[in-house]
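Just below is one structure, and these are the notes that go with it.
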Amino acid sequence: MSQLQEEREIILGNENVDSFDFDEVREFVKGADENLFISHHFAKKEKMLVQPRGGFPTYEKQFALYEFFVDANVDVLPLTIDSNTRLNDYTTAKKMLRLSEANEVDMLNGYPLVNHGYRNTRKMMTHFNHPVSLRHGTPDARLLIEIAIASGIFEIEGGPITYLLPYSKNFPLDKAFLYWKYVERVCADYSTLNRPINRESFGPLTATLVPPSITIVIQLLEMLLSLEEGVKSFSVSFSQQGSMVQDIVTGTVTRKLADHYAAQIGCEDAIINLVYHQWMGAFPTNRDSADQLINMSTVIASMVGADKIITKTREEAVGIPTKEANAKTVANTQYTLRILSGLPAIVDEQEEEILTAEVHAIMEAVFNDPADTLWRKVFNSIKNGIIDVPFSPHIINHNKMITIRDAQKNIRIIERGNVPIPDRCYAYEKSCCDLNKDTTSIVNDIIRDIGIMQ
Amino acid sequence: MSQLQEEREIILGNENVDSFDFDEVREFVKGADENLFISHHFAKKEKMLVQPRGGFPTYEKQFALYEFFVDANVDVLPLTIDSNTRLNDYTTAKKMLRLSEANEVDMLNGYPLVNHGYRNTRKMMTHFNHPVSLRHGTPDARLLIEIAIASGIFEIEGGPITYLLPYSKNFPLDKAFLYWKYVERVCADYSTLNRPINRESFGPLTATLVPPSITIVIQLLEMLLSLEEGVKSFSVSFSQQGSMVQDIVTGTVTRKLADHYAAQIGCEDAIINLVYHQWMGAFPTNRDSADQLINMSTVIASMVGADKIITKTREEAVGIPTKEANAKTVANTQYTLRILSGLPAIVDEQEEEILTAEVHAIMEAVFNDPADTLWRKVFNSIKNGIIDVPFSPHIINHNKMITIRDAQKNIRIIERGNVPIPDRCYAYEKSCCDLNKDTTSIVNDIIRDIGIMQ
Amino acid sequence: MIAWLQSTLNMKVVTGVIGNDIHVVANRLMDLSLNARGYEVFNLGVNTYLEEFFDAAVETGAEILLISSLNGEAEGWAREVKQLRAKYKSLDQLIMMIGGNLTVGSGNAKDIVPRYKNYGFDLVCHQVDLNTGLDMLEDYIKEYVPPQENPSS
Amino acid sequence: MIAWLQSTLNMKVVTGVIGNDIHVVANRLMDLSLNARGYEVFNLGVNTYLEEFFDAAVETGAEILLISSLNGEAEGWAREVKQLRAKYKSLDQLIMMIGGNLTVGSGNAKDIVPRYKNYGFDLVCHQVDLNTGLDMLEDYIKEYVPPQENPSS
């Protein structure tokens, strides 16, 4: 028995798992309908895939949500996991699930997948026969993704950096890398049986003034960590940044460099797709304004040429959206994608060149770290501030980089900290901004820059 | 007394006009607040101006509509005229106005300006102190525009071609040219007293598969006919065509050629602005879809770089929009314009070159007509099909040009009729389309091409 | 005319939209389709009165009169068809067709078609697809036997 | 640090967001602003417990403790301030400030400020603009007379 298999048996021996039948699960994956695999839909490339957000505690409510989504002509169904499961607290999740079932009041902010188990959940997934994407935010997702794949969920979002730095203050980053290595290996293993399992990184990070160079570097690194373990289908992603041209340039550079770095480690055969998140920052409370923002995001996603778009709802600023609002966004987004035509090819050579140089410089610095494995190089680079994510709450993050928006609302780096932004790029970024201001004005600018969509 | 003044006194001697005081009106225009002049707002160029549509029969309802618009942060107020006034049937308009006032039911589809008179209407205009745009569709607008300017309405939409060919079956086109010559002269005369009165052409025409070359030619000709008479502020316009890149190219070429032809007749001093109409074709009946379409139009208008946008409402497919729906569109459009940033500069050299060559060729053919005045050259060119407007109901229009959409939804000319599209441009247009189809398919394509937004 | 505008027939047809109706799109598509099927088309356009249709049929010697009505107000005009046609002796062999949206509000073809046939139309297409309607016309023409000249009429 | 991050003061301040609160944006802006005003900043980040604040103040020898609370749950923690502070003898001269959104739901500053002063805070800013709050701190420092060491305490 391989070391991985030993570890899997320990993980799946968890008291909350009701006898995991490895052979049966492998048979299921082997024979699963191609429509359950998002990698199959990406391969068809007929249109940008539309994926909403959403998760409810009970099986019945999740089922009802999916019915709404399918009526609205959804392409990819989401399964958002509750926060107890994210913290591996299955006992509390179980209690809250029982209370939710008994009282018709939702006591969890998502679907407690481990507690529902794969036998039940698979019934729902095969019933709808749509690709499902697992959204969780879990640093240790080992058990969760085993149950997910056994249920017929063949896309796993997240990664050791993107699921940790935006959400956690002090979960150990080195542990996260090791837990995600397990995830990659399991995904790679199942990918040999049928269409590949798709892994997706979470590009939005803190969704607060993160410059595109940092976003792209982290996307590329999580992609490499995944391909290294044998994953064959990976989605890089980012969220609307506030400037149309910066989004388009970010998309172009991300695609180019993803192919470049995948080839560098001999993984030309892996399929890399690009995912665009509708605005993830502070939303307008006015629902009509929120609708405008969402539609604008869809238009920009089309100009970026994304392969998938992940949607928001008009109720974003208010709380957990109703299934009606969620389905309405799907229908609206599909309509917009259908009628939007004649997209111009947009190239901004200067911005592309600057951004590409920045990403290469940071990547090179990471690779030059003396550690022996990629994950340790990345770990060290975060620790010493070569990678610095603005507004991350995590203690390991440096927080020395400062960004503001220029007049076109492009995010610009005005203080690079330890991030090895090349001097000429740094000079360019600063030249785009008015820095003859006192700090009070700069801090006010940052506050305004965070709230640009309100 | 000049010949024009003689004619004006006859026109204003109409039994429906309650003693027109020429001197008082001149004094009013001379002293009018700059905010009433859209030409003043264009000159400030702070943002794209937002103008909704709307007209109600009674003073009270029109006033209430304006209150809604101003609350929604409107830039330009519309005054849409009823259809009886458009046909110069002031007697019926008067009767219907009285019935509307007595019964609280609207018996007219717009504001009967002549019957309300300028003394009353001016109170409303100066109260709101916003620029107002007169939208009417009247071939003989001589009396109407006199009353409009006397009321403080300093933008007049329309023209002899654009207000006739889309709306009328058999109103004599030569008469329309002469009636509009009067309008231009009166506008030019008042323009000497304060800021210029702005004239605006109606670019959407039939809003049905009109190719950009025809739209631009007609915009340029109405502009020249207006500048010839001394008008100093003119807006060329077009409506969303269905392909983003075709809209952008149309905007670029329209601006360039407007300046070019204005300079050719020595009118470099005239200010030419560009106006974009949100989609004027068949609207989706689903209100949410309509909202998406409207937002997309606003985004495209920004990419086109329009100076003003004229909005639609989510109730477009249903009937005359409520003031609430109308105000909501204004608020939504203003929000979108405020948050949309980082627009890329888009150039499609090939499309620009082709379109420019087409417009020059048609303009040259018009100028080569042997008639002695520009309006007679234009009249003859329409009559002999050098200018051919698809789907015009007018008997003078040739209807030999046939257009369909290519895969990117660009409108392409597949049958040029008598329009002197240069051979290489014609070959290019046809090469964009799949013409290996039987007629039944082509007719079905046209039906589908008309309904692309539904 | 470009290549796809060809056909086999060669009959004259007068067409147009009846009454206060400005549906120019349907009218242009009708024109295009009739031309493509090889008819010689005399298109009176939108906003045409019944008398104008008959005048044009006489003047052109058309074999077919094809009236479009889209705003649902055709019934007001159609009742006068028999009476008016009777004034034009030369129109005995004219094939008369009407199509479009033939009633205000919702009505069904079962009630509408016989009513219009009773008004004097040979072919009645209520909410029928343009090309289907023109196929019906072609079928009708193939099997059409013109009424014999009857000296007593 | 870039040019605009300069100032005149040179005092040590411990800051952070109290309790189960992940409002990192406010915390980073506070850090930035304090640095810009010339303070030496020890930022404990989000999700910090009261004990950690006092421990850090002792360890760094800070003159100022500036606690942010944004999710409105500060009252639950603030009640323990006096009791806890009493355990740390070296903190007698510590200037204690709290700012942010200091109550769940809507409350007004008139009620809230005295209540928090009673908990032991020298400066209380409820829904006060960040820069205004830091101006208040500077004014307070200028006029601050440290309590005399009192052998009986």
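Labels for the chains are A, B, C and D, by order of writing; each one numbers its residues from 1.
Note that in this section a contact is a pair of C-beta atoms (placed from the backbone, for glycine too) under 8 Å apart; a residue touches a chain by one contact, two chains touch by 3 or more.
Computed from a prediction, not measured in an experiment: that's the story for all the values here.
Counting only chains that touch, the fewest steps needed to get from chain B to chain D is 2.
Centre to centre, using the average C-alpha position, chain A and chain B are separated by 46 Å. Separating the centre of chain C from that of chain D, both taken as means of CA atoms, is a distance of 87 Å.
With centres taken as mean Cα positions, chain C sits 61 Å from chain A.
Centroids built from CA atoms put chain D at 36 Å from chain A.
The set of touching chain pairs reads A-B, A-D, B-C, using the touch definition from the header. Contacts from chain C toward chain B in the complex involve residues 1-5, 22, 24-25, 27-29, 31-33, 36-37, 45-47, 130-131.
Taken in their complex, chain A has these residues touching chain B: 242-248, 284, 286, 288-289, 291-293, 295-296, 299, 328, 331-332, 335-336, 339-344, 346, 348, 408-410, 452-453.
Residues of chain A touching chain D in their complex: 167, 169, 206, 208, 390-393, 395, 399, 402, 414-415, 435, 437-440, 442-444, 446-447, 450.
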